[in-house]
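Dropping the structures in below, format is structure tokens.
Across the two complexes that follow, chain A remains constant while its partner is chain B and subsequently chain C.
Up next, the complex of A and B:
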């Protein structure tokens, strides 16, 4: 007997959303829960039903893992900072200065995304390596020899800036494009200098795009691993590398899971902090 | 107008965009304290002209003089003028108070004084005091208009420019704000230069009107002059419904038309007039019971009638030509549709214009 009550058939909205909810539960929430579970399992076990323990976390706090955490956060911070400073002028140009050329430039920024990240990074290796494209050419044609810049921490940062540039550039461009021309004109007309127009109107009104660019690149950069491996030559060990080692060579899934959980907590806390400081709705004046 | 009272003078102002002349040579003098409105259809160059006056565009040639001083090269932020934009261009991330105080803050006016000025302006514009700390995006359409005006007035400009700020507002509120704007103009005594595509809106508010077409001013005059003596067909057709048909001189004081059979008594002929258009406003046409005494009359058929509130409008077909007749409600025509009717007018109520 079908009874109407607290278990009544839901409306068309929830019913239509159901497949997506199931997909997210199975494909997104379940693996995260599995990781969370693993992080409390005894070291070097492969069962999700063992006796829960905090041993993995204790191990991490007693080890030097915090160093790789710091490295990852530092690399991501430097990447975001450099990207912010380089992308803002480019975005500004794309929206306000370059005119018809903006389309061409946007395309040039987009096309590399169609090539695998690893392939592009190895491309840079060929470019910078001793006797490679750059140094080889200098040696052959000018007779000058330099040491290769590869396999240093700055090469890692370079790789990350290169890979994550579009993820800062495009949200920023959107943010700047959202500032209406008449609003800028109005501020200028009311006596503001170019700099005051920028500070009082353009920057705050393009903030949503900038914040989204910051978050996107930061989260991606904290999770980066290939740049440090390929261009950095493991001069730096980011936490993602530790996680990979734990899951592969070390065959210590619970330790890797605990590291992953800690990383998610740190990044999540930072993101929440930023979102609280820059409430997107308030910036847009929706509240 | 004596030269001492001229606040803004335009001498041969042009603006070319490639081969296209958006503004094609404009000479104009606007008096201190005047409410001057530039009217024109979209694409007539009126917004480009206003942006040049405000300093947001550079004229290709010609001079802009403010109290006799050439200000062509003075950028907008250093001109003692201020603009109310079509979109209002309020700062959405700021409160009503911060919007109004923007120019004062830029000038480094103290917080206390800023607040005082803002509250004074809010009183002048009848903005409730509690709006001061409210985000400007939470305000109603009418409130936003007033905030935009208050923000411009806070700058204490010598001239206020308006770029169709009322165009996106519903009819009733627009009518209220038009009158309010005229009141504010009286109260502040500032020079207002207003742009609109609606001659009706211009008539309500302005001391003088300039009608613009294809980058040129085709007529400048008081609202009454523009309405009663338009100097060409374009101006005559710009306000409301009007009856216009081509005519040429048929003899002394007589006109004939290629569109309508018969001859008409001409109003006073402009010198050198040989052919052009005869303009008759719909309120000057009468239904005639007995056509014998009328100066001009036409036989037609009553095709349709429209209730316009205080007035009735009738469409009368004379051959292929449609005539529009308007009567006050109390003087409504009592006939039926498809009646044969005779309409007539006095020669002095018609206007001869050239193209």
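Up next, the complex of A and C:
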């Protein structure tokens, strides 16, 4: 038997995986490491090899950046909560009620995804703006004049709910579709009420889809920027906007990197907390 | 799975093997990149403000040179310059930014390289009188080098809906429009943070383009908080124009021909860039103007097409296309040439406020670097966040 030398050629598996490993190293790990490195570089420098410092983190903790973090987290939380309440009935309908119309409705929810988010948001601006589609029509046909609600924090929330709806709806729909009809029928046969079937059978069994919808929507929403800019008129500055300003107008990449690292840590910690409470493996039934 | 299981003992060996494979791959890529650089006669990469990246401008050049021309458009100078600072000098051939950057930042930092004076200076002779060579913003501090070519320019202070605030009132009242509490909720702020630093200084009553005293910084802080708190919205030029036309706002800062021209070209002659008649800058001037300078990037493998493109856009026909390329519409220095000027229709001249251009430029200070910009921008960003 040939001795396994210390320089043995890796097997076909590792060899086949090598391109993917390289791609992940270069395309995924390297940028994150660069961001981490930049966050410890002196402010307003452009080199990755400067004298490491904690100055950027000190600046953030001494500033009012916490307001931006709080806004981002609050907006994402409200978005997830509203979407959870609105999407569950729609998802339930798509799986159990609408029958052949479910496909048409799914298409209607999917089609907007083919149009750029910014274009859709500007469409809403034209719809809601003073003398625009809605207020202009009310004024012309009914003689009623309202102030527009654009450029407010509620307009930002509306935009986020609109943009992230499919990311909650489809995992939820999948979760509800995973509940076998036989289980519901058995519960009814055993005398469970409609409420008991929902609470003790349907909700727990559809939990994988719901949790994935929550996580996906929250992570995307916490990184949102366009809604606050276009519909919100920057009435709110989310942390992503602070990061953008640091990387552009402020020419302060290390500060932007430090804000990014903190955002990743905050979101990562929250996601881990949720995953500790709802273990994905368990709810997906793997153990 | 690895044929040889990774253990604590052989971890370093396996890691070394992976690193060697990675290095070999990287070396291969580098060598490919080297070959690509060597063959740059038919490719050109341009980093610019919108307009130079439009098909109307680029397509004729592409076909005449049989070249692959890529242009990326950004809407602020610092971002473009950061791209070069971060090592993209090996990517781009031309950079198109506002006047002060070439002379004061990019040239001292060796991010750009000089042009052949003998070939390019004669073009300045055909431009408007203000650009007569040696033109300050196109030359190095010592006057020895030609650092770029000029084309688009314009006054850039604020914009009003003249149905709500007349041109005369706006010009007379100037920056005090933002010092009147009665105007809270009636104005927007263009998302143009570097320019907003300038105009907040003007509203606070001092020259932006100097080092500021502690008292002035305090005044700037107070002004930034107040102005952002009173704003109805902050947004891009399209949103500002939409808000002006719909009646959401009556005026906005920062703005001028560049931002108002698309609305004017669309038939809204009541949307007008305003240059204040008085202000806190040298000579009592109240307006600020910009002049673009397009420079050769200090690319070790500079495309020979870079200088050809600079010459191409000086052609009267192309200059007119540049003035009215997609996005925003702007005057060009080549309008001094009758062959170029005759291409502009009356509507086009109206949309770029040709009637007042000369007086507005005369009432403006040219875009410059703010020495304590970083500090003021941080204050303004915080004010915006807390508003």
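To be clear about the criterion, the second predicted complex is superposed on the first by the 279 of 287 C-alpha atoms of A that agree within 3 Å, B and C clash if a C-alpha of one lies under 4 Å from a C-alpha of the other, contacts with A are read in each partner's own complex, and residues count from 1 in each chain.
Everything that follows uses one rule, which is that a contact is a pair of C-beta atoms (placed from the backbone, for glycine too) under 8 Å apart; a residue touches a chain by one contact, two chains touch by 3 or more.
What you are looking at is a predicted structure, and each value in this text was computed from that prediction instead of being measured.
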Here chain A is shared; do chain B and chain C fit on it together or clash?
fit
Give the angle at the C-alpha centre of chain A formed by the C-alpha centres of chain B and chain C in the superposed arrangement, rounded to the nearest 10 degrees.
150
One more residue to check, A:225. First (chain B), second (chain C), both or neither?
neither
Is A:185 touching anything from chain B or chain C once the two structures are fitted on A? First, second, both or neither.
first
Give one of first, second, both or neither to describe whether A:177 is in contact with chain B, with chain C, with both, or with none.
neither
Quick check on the superposed pair: does A:193 touch chain B, chain C, both, or neither? Answer first, second, both or neither.
first
Comparing chain C with chain B, which touches more residues belonging to chain A?
C
Can A:22 be said to touch chain B (first), chain C (second), both, or neither?
second
Once the structures are superposed on A, label A:205 by its partner contacts, choosing first (chain B), second (chain C), both or neither.
first
How far apart, in Å, are the nearest Cα atoms of chain B and chain C after the overlay?
28
Chain B-touching residues of chain A, taken from the complex the two chains share
180, 182-183, 185-193, 196, 200-201, 204-205, 282-287
Going by the contact rule set out above, which residues of chain A touch chain C in the complex?
4, 6-11, 13-14, 18, 21-22, 25, 44, 46, 63-65, 67-68, 122, 125-126, 129-132, 148, 150-151, 229-230, 233-235, 237, 242, 245, 247-253
The chain B residues in contact with chain A across the complex are 54-56, 75-78, 81-83, 85-87, 89-93, 102-103, 106-107, 135-137, 151-152, 155
Residues of chain C that touch chain A when the two form their complex
1-4, 10, 13, 17-18, 21-22, 25, 76, 78-79, 81-82, 85-86, 188, 191, 193-194, 232-236, 238-239, 242-243, 246-248, 374, 377-378, 381-382, 384-387
